[in-house]
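Chain naming follows the written order as A, B, C, D, E and F, and within any one chain the residues start at number 1.
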């Protein structure tokens, strides 16, 4: 079948994925992740204390913050620091990133420390939250490796890797890894977060226009599973490099 | 099989659902919805203007706000108005309610007016967001009926009803309509929003502990479909009353 | 003399007063108070600690917060949590409720604990602050009774009950317990808070239009005294139930 | 009877009152008012437009803002601009000042302009709100006189002057114009706002400790009436100077 | 050369400088400083503790806050406390005042206490930040003298006095101590902070229109040095009084 | 003389300077500027309208915003968007960048449009504000070139380039372009902004420890002039590429 996607990709093709470790030098983990023209800088910062609700419980915490540079987008968006508050969308995304990563880390094994993943979008072309999860997982792995190397942890407490991808129905066709042109024009949009072994961590599907059917949901999940398999491989290559 | 649910319900049973119209008298639509001990007051307010981004486009808008009374919960939560900001959770929920309702309303047919659904939790026992969507749909229907009765609209622009329910895996068992005791103890939590005709509007599934499998996802969706069918019937009875 | 009040009430008549205990189930005290169509939910929450300025002094504290649901009013008011701050009116009212209740509680006998009264207006038709004080007194009494029953206090530290009512001059006539139609149209508006034994706790009189005379002030105080007597009886019946 | 007041004043004596016009030079009205050691700078600023809710109605508006310099008090108070919000007390006071002044101005005669009274406490020793009302009335009069002089108004739209004083019960004795030592130690505190002709604009009485009786209320009102008579004369002298 | 300055001053002349100690009575140091029509109230408040970042280090801290009364200016400016935030300009100025004073105080000798200088502009006519630094130095000296007198410090830890003045190029001519008429019309504006012994603490020069040359910079610095010499003398006279 | 600088640079040597155009693709101008390990992304966004205070005046505006990614620094700094406000330091820097750029642009020739320069620090190692000015000038030039190319402007309204560098006294020695190790350890820190033709736009010198002398100021200005000459050349090469 001939692709009708703006990018010429076939329905089940990811964009070019690049995961660059060590993009900045101060953070314990620092990764630039690119899904095509979407570029997100993910840094992991280790702090030897936990938030008040966990103190004295012998467990660690993994959390995330998300932001977009004002001109990462086609037209300039107001700077959230200048507006004095984070939008509902920003808060939704950073809560999603944090939950996704906590799902694959043994927090008891991490001990009483907190790791914060900052995911800052340098350039946006759709799929920033899925790229952020995928890149943050690598940055977090890097930071945990350093704790092991420093003798602070006996073994890396990440049980397996986690990655995320968007899928959607565009012009009636289920497609994988939507770019901005598709994202702003789709009927249904779904973000799926899965582990390397195929466990589902999050599914968030939204009908933008008409409701979708159970059959469409199934087709989207199949596409997502395939895409996440490739992303987990890319993560593995980046960590092995 | 014998139920192991704290409430003694069978796995596929909703709590007692009560939908009371006209609970307060100023709003164009006013509904008290109860899912067992969860009680949410949903009011619909009609305004003859639209937000700036829609002005002059000949379309209407439906939006929602959500809040919990400070002592709707087991222990008192700080009042968001006193803290000076709404939590990320509150914003996520009110965005979800708004999207769910817009999915079933013909906004062009609504004309240049906005309807705001205020969903305020008087008492919380799990499932406040799904109760809110289910009740707000009735309050919105009521308000739209009044616009028709007043000659402002030729017909009610709600295409079909929408309702929501939570499903989850508790102690390894998929169950429908979790109460607080189950919600705070489940492995996987999913909120499903569907229309009367079975179209899916939103699926939000989250692994609280271990990731979940595709088979578990399928079982949860089947439970949700059944529950939403009953909720849509309850909505119908309330509107017919 | 024939009444000219919109409601047909005589000048010295209260609206129907209903005080319903146990309206919600989580709070230590929970009361729905109704002055005619004005309905306020008052909950009392006990916390076993005091604010910083009282720590270590062996005294307790009673405080209040007040809010109106956005569509408790004739036209929708913006949600204070969404605006990010409480209005001056809200702050005035919650300070008044707190002061009124502290005037009848022996804070030393309460010990180092704080009780917060949340007064949330479900439906407004004038006199929300006076209804709130009257209902909150009952919710507070309920919570204190539970502390006695639990053996945490030897006796209820509320010295006597306190209630409040509005009085005003409408079309030249002093009247008791103004509803919204009167309140928005009066020349002078006064809120009076008194104890069961007739002690004055607060008097707040405001000329909305022309200043008022000393004789008018005296007439209003007499009306208030009568109304508060009836309210204190209603509180007693509710507590005895 | 021998005075027991810390200042040696008799029970019905005001502190030394000084009203200095033209204290600063940019404002249309600028008055330093002193009640003993309490010093408040009151400026009136005229703006040739009204707030949105009054546009096109042919009426003016008078409003007030209140602030305390951080070290106007015995110990330094945090700067409200630095904290990012005005306290409930500040808002209560500025609403009171605005209402008190509007009660004596013919807003229709003022025309579509707004006058803002800024009342900033340079030094506090009790009674800052009553000094502010008394001084702001003179600053407002000055500003209105300038509008007349400039031919923008045919006559001064202030119907009569308004002044305010505090009264209270200290050690069982009703006294006039409490200073800080008395204010922080009184049983009952009342602020009274009256016009030159003796009309009551506001009465705000609060039992700080035990409730007060009707007889005490009467005694306090008599003291206040006497004090306000003297303040209105002082205003007259300042305006005649 | 004939002066062309609006005030008739020669290019190297300060405005009349008045430094009045003891302007208010609660603060440990209280100074009204006047540079012509610019009037700033500077108070010093001593607190026997330090901010968290200094705790346990055996050093003190000196900090400053700055504000303008709303009608200190030609047209009324919005009150920062009402807007809920301090402007960038306010923050710049208060940071500058704090740095300037810390440069002349031996913070170790001060011990673990903090002194806050509140600089509030009662009337503005240009040069408020330089007047504030000059006056705050005297208020700080006064407060430190009191600590010595109280036996809390063996000697005054201020090493030498510090003062500030503005210089600028107006109509091509370098001039000293710009008033508002000059300030709003100058090409280059420079604020210089120097110690009594001629050490430079801060230089902040800004080209408002065309860039300025090195020769102009030198001329401005010479003017500033002369002006600061006179200001330091005025400070000395005030402290000796 | 042997260098004692941590980096081994001679006293008058800049760090490696790299200016990369087109770093991101949506903005009208997009530049990554690097001063050694300091990396700042500068984007220019053109908007065809001006802020309210300039409407209808036939002039344009150039403004800037500044931010640091949370982990651009050695230890993580709190995200300003999460804290809900920009620090005083951030506001000072963005005001400085804006003023510096406006000094070299003919705002009348720009016409009624605004250009916003967003300067976001990806990695910080001292001198972020001077790198930001230097890079933002190139991004602004790029955006203005595009307006010329699009026929919206007859010629580029930037009169000449502007660049900035820090100088300071470290261990008694005047040095150029301080990195973080020097910056956190210097006695005097000065930022200088100059045009290509040597005009001074801003000089901001601060004594961090002891005051500095006029001779030291002169030495620092000479170093800065040399450094800015090299930076202007680097800008030229980037724009010619």
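Methods note: contacts are C-beta pairs under 8 Å (C-beta built on N, C-alpha and C of every residue); 3 or more make two chains touch, one makes a residue touch a chain.
Labels paired with UniProt names: A, B, C, D, E, F = Ribonuclease PH.
Just so you know, these numbers come straight off a predicted model, no measurement behind them.
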Path length in steps (a step moves to a chain that is touched) from subunit D to subunit F: 2
Set of chains whose contacts include both subunit F and subunit B: A
Distance from subunit D to subunit A - Cα centre to Cα centre, in angstrom: 59
Subunit A-subunit E separation of Cα centroids, rounded to whole Å: 51
Euclidean distance of C-alpha centroids - subunit A vs subunit B, Å: 28
Junction residues of subunit C - those touching two or more other chains: 84-85
Chain contact topology (line, ring, star, complete or other): ring
Traversal of the chain ring from subunit C via subunit D: C, D, E, F, A, B
Residues of subunit D touching subunit E in the complex: 24-27, 30, 37, 39, 41, 43, 45, 47, 65, 67, 69-76, 79-82, 84-86, 90, 116, 118, 120, 122-124
Contact set on subunit F toward subunit E in their complex: 85, 88, 91-92, 94-95, 99, 103, 190, 194-195, 198-207, 210-214, 217, 221
